[in-house]
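First the structure, which I've put down as structure tokens, then a few questions once you've had a look.
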């Protein structure tokens, strides 16, 4: 599926919930379903700075598409990660580089995330795009 | 629980003095339980700042004109207030700085003069980074060695080990009066006495103690005592440094500039007398004056009343928290004040903090600038609630409900 | 005189923004001509401080809760404002400190790392003590040698001599942009270029320049530029330090504490990235936010308008003063701003200051923290008047009358 | 004459003037009449700190009485000095030590002196009393 379609899908899913609390609960549920990242990829190199919680992000390329693996020690952060992976994993580098990322605002959670977390989110997106740029240059 | 019922009766009146306490967060009434990070500010302090800029604002000392004289008088009046409050011998012993961190750096930098390679200095495992890093920098510059007083699982310092660390190479011992991360009140009277017997100077970081109980530097016989006005109902940007006159005279000046000199020529400058020697440049004049007003406010309520009431809140909150499934409280010293640090089950403290923030409750999460304590417990951080005299039992009840809700969501 | 008539027309409106300007001294309307010591504070700045304590007060960075986030945002917004104002490359290049004096000490202390015995550093004879003493302390610690750019009887620096002082041992040159004692605007573009050609870094003390005209650190290609908010319509207790990123990254941290570290253990601490590396401890949060509001206020009026209007006041006052019998003006550089230093006959400046103070006029008398300049002229001090954009021609007329009266009384 | 009598005399003299300006003018006149102090007594040791202007104070004992000599580079300060000398010079140590010094307040100039000057004045009085104490112990 195209990135923008996935994003629209996510926005629609969150639209069902009226309160931030229900949205948080859904996010937490999603967080629980993030596939485990291997310990070897939980390396210092893969840590993203700027979060109170730790975030690891690892990427691999398979058949021209980038696969992202990520984890966090905080469950809300993991929920956010799950949205990012669903959106960006298994996409090709160019699409990732060009992707719009305002769907986080559209699901209405931005003002309920702490500034640190919002910052962390920005850093994650930045790192995802860096991976895409790096992989696109490897071609 | 025995406490002064008058305080409790007046609590709603006291709360009216703090405009921020009636703000809303995300539609909920703000519940501010982050007092160890910074205390809230009563109207009289806010007005003192406005009044300063509307009627007095002027650079102090050396000015002939009336504004400058009035501002100087008010500034020096604030010094007298802190002198009296901490029972210093003279106003020369009270130095205004930009904060506790600055004060500690001022002292640790001065000790370069007194330390040589292989001299020893002693820190506790309970310290805030502000009372660790400046001394590490001192060790780097001098080759001195830092020893650590360990703590036990209750968050209490091990005084037996401390005794073995002291020897004739020990030059300075620096310990906080109250741990900002765990709330432990340390036995600083014993630490000071033992250190002095070994010939070492003692700096006590009182940032978390000064807001909660009386401090008498003369009785403590402490060499340096430091705290921050922003935790004492005062404004940001002001620290109070008490130093024994003998020590302050011996220590070299920290910063060069206006005020701190007597004569300047390119060949040689001579330094001004205390306290000016340590107050280079234009100080935070409005801040220092307002800090004195904040102190007055606290003294009007009375630290004995405050201690009694805050202990009551602490006991109540501790027992209520213990009813929450999976809770683990860090820091269970018999002598504690104002602070409770905890985690719930395996839930990341940051997650709890985020959820209850949306419910209007302000707590701190993380390592609280005390990583060595987190390392000891092998945790990334804790949730920390910290009380002030304007908090209420009702707020604690709301907190407990919120924590239960958050814990359910996040497990 | 050509100037923007709009400024003049709006002057009464502008004055209304400054409540202190309508206070009385000894029954007389206050005439505030001590702006070089500290500028007065507009209502918007005073309100910003009240607003902070009523709605936002909270310790910044690392906090999960909304207050902490709002306060952090406002604090960082202020950094963005100064970044834009001085045209820095990035917000990492803007460090908030407690004042100019602190900023200079921060840099001079950092240069310990780069200086060895017999290295040279260059100061000017026109400096404020704050830009002399910290460097003298540096020389004491490193064995480096301080050379002095001399001035002439007009209060101008001798650039020919300066050229001969520079050599490959010169590591750093520190000069003010504007002399606080004489008002001379120094040719810092030339000083920066020549210093760089010789491989030396340059710190410009802009405490007296920033309130009066536009400054573009990128165009100046200066390494460090420092100023104080309290001279920029902001509150006391805030300094702004611009440093080139390359330099700030190379310089060691100045103070240890919270915020400025990344990881702390007793074995080793690692430092945080810029700008936090230089902002240890709780900063003057309300002050930094209010400083940004003060800057906005100045920019609303516009520094081009301010410069034009202040030059007009300066010219008018200079020519009026020259009509007074026995007056001697110190500092007659062609490039001057805001300040006039003078004496009348043999009368002690302090006597004049005292008499006109009773008439409601606030001026500064003494050495203005610039003893080397007083030594040059062999005088104990001067009377200094210094303008801001809210001063008026009428105030100057009253001053002139008062000076004549005082001079008659005292001769 | 007794110290308190001299002080009363001074207070009466100043009472004639209604405005601070007239009082200042009288003070300045008095300042001009202070006898010169010898250069050798204008030593660093005799300087009193705490004034923007310099003040030198020197004392000698003759026939059981203390004689004060003083000077300043500022004329208003000299006026104040003249009042102090008139009051305290040629008195015996015990009387000086016990003397009340609030006549400065009574002449109504305190609020028209700068705080620095008022400070300087306090320092001068302190120094005068120290001299008296020192000389009384020499007996």
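For clarity, chains are labelled A, B, C and D in written order, and residue numbers in each chain start from 1.
Rule of thumb we're sticking to: contacts are C-beta pairs under 8 Å (C-beta built on N, C-alpha and C of every residue); 3 or more make two chains touch, one makes a residue touch a chain.
These figures come from a predicted structure and were not determined experimentally.
Between the Cα centres of subunit A and subunit C there is a gap of 47 Å. Each chain gets a centre from the mean of its Cα atoms; for subunit C and subunit D, those two points are 39 Å apart.
Mean C-alpha position of subunit B lies 31 Å from that of subunit C. In subunit A, the residues that touch at least two other chains are 52, 114. Among all residues of subunit C, those that touch two or more other chains are 26, 62-65, 350, 353-354, 357, 365-366.
Arrangement of the chains shown, judged by which pairs touch: an irregular graph that fits none of the line, ring, star or complete shapes. Applying the touch criterion to all chain pairs gives A-B, A-C, B-C, B-D, C-D. Residues 26, 347-348, 350-351, 353-355, 357-358, 365-366, 380-381, 409-410 of subunit B touch subunit A in their complex. In the complex of the two chains, the subunit D residues touching subunit C come out as 20-21, 24-25, 28, 52-54, 73-77, 112-114, 117.
Across the complex, subunit C is touched by residues 19-20, 23, 25-26, 30, 32, 34, 37-38, 40-41, 45-46, 49-50, 53-59, 62-68, 98-102, 104-105, 108, 123, 128-130, 132-137, 146, 148, 228, 230, 235-238, 253-258, 260-261, 263-266, 268-269, 280-287, 350, 353-354, 357, 361-366, 369, 371-372, 375 of subunit B. On the subunit A side of its complex with subunit C, the touching residues are 52, 114-116. Contacts from subunit B toward subunit D in the complex involve residues 62-65, 69, 72-73.
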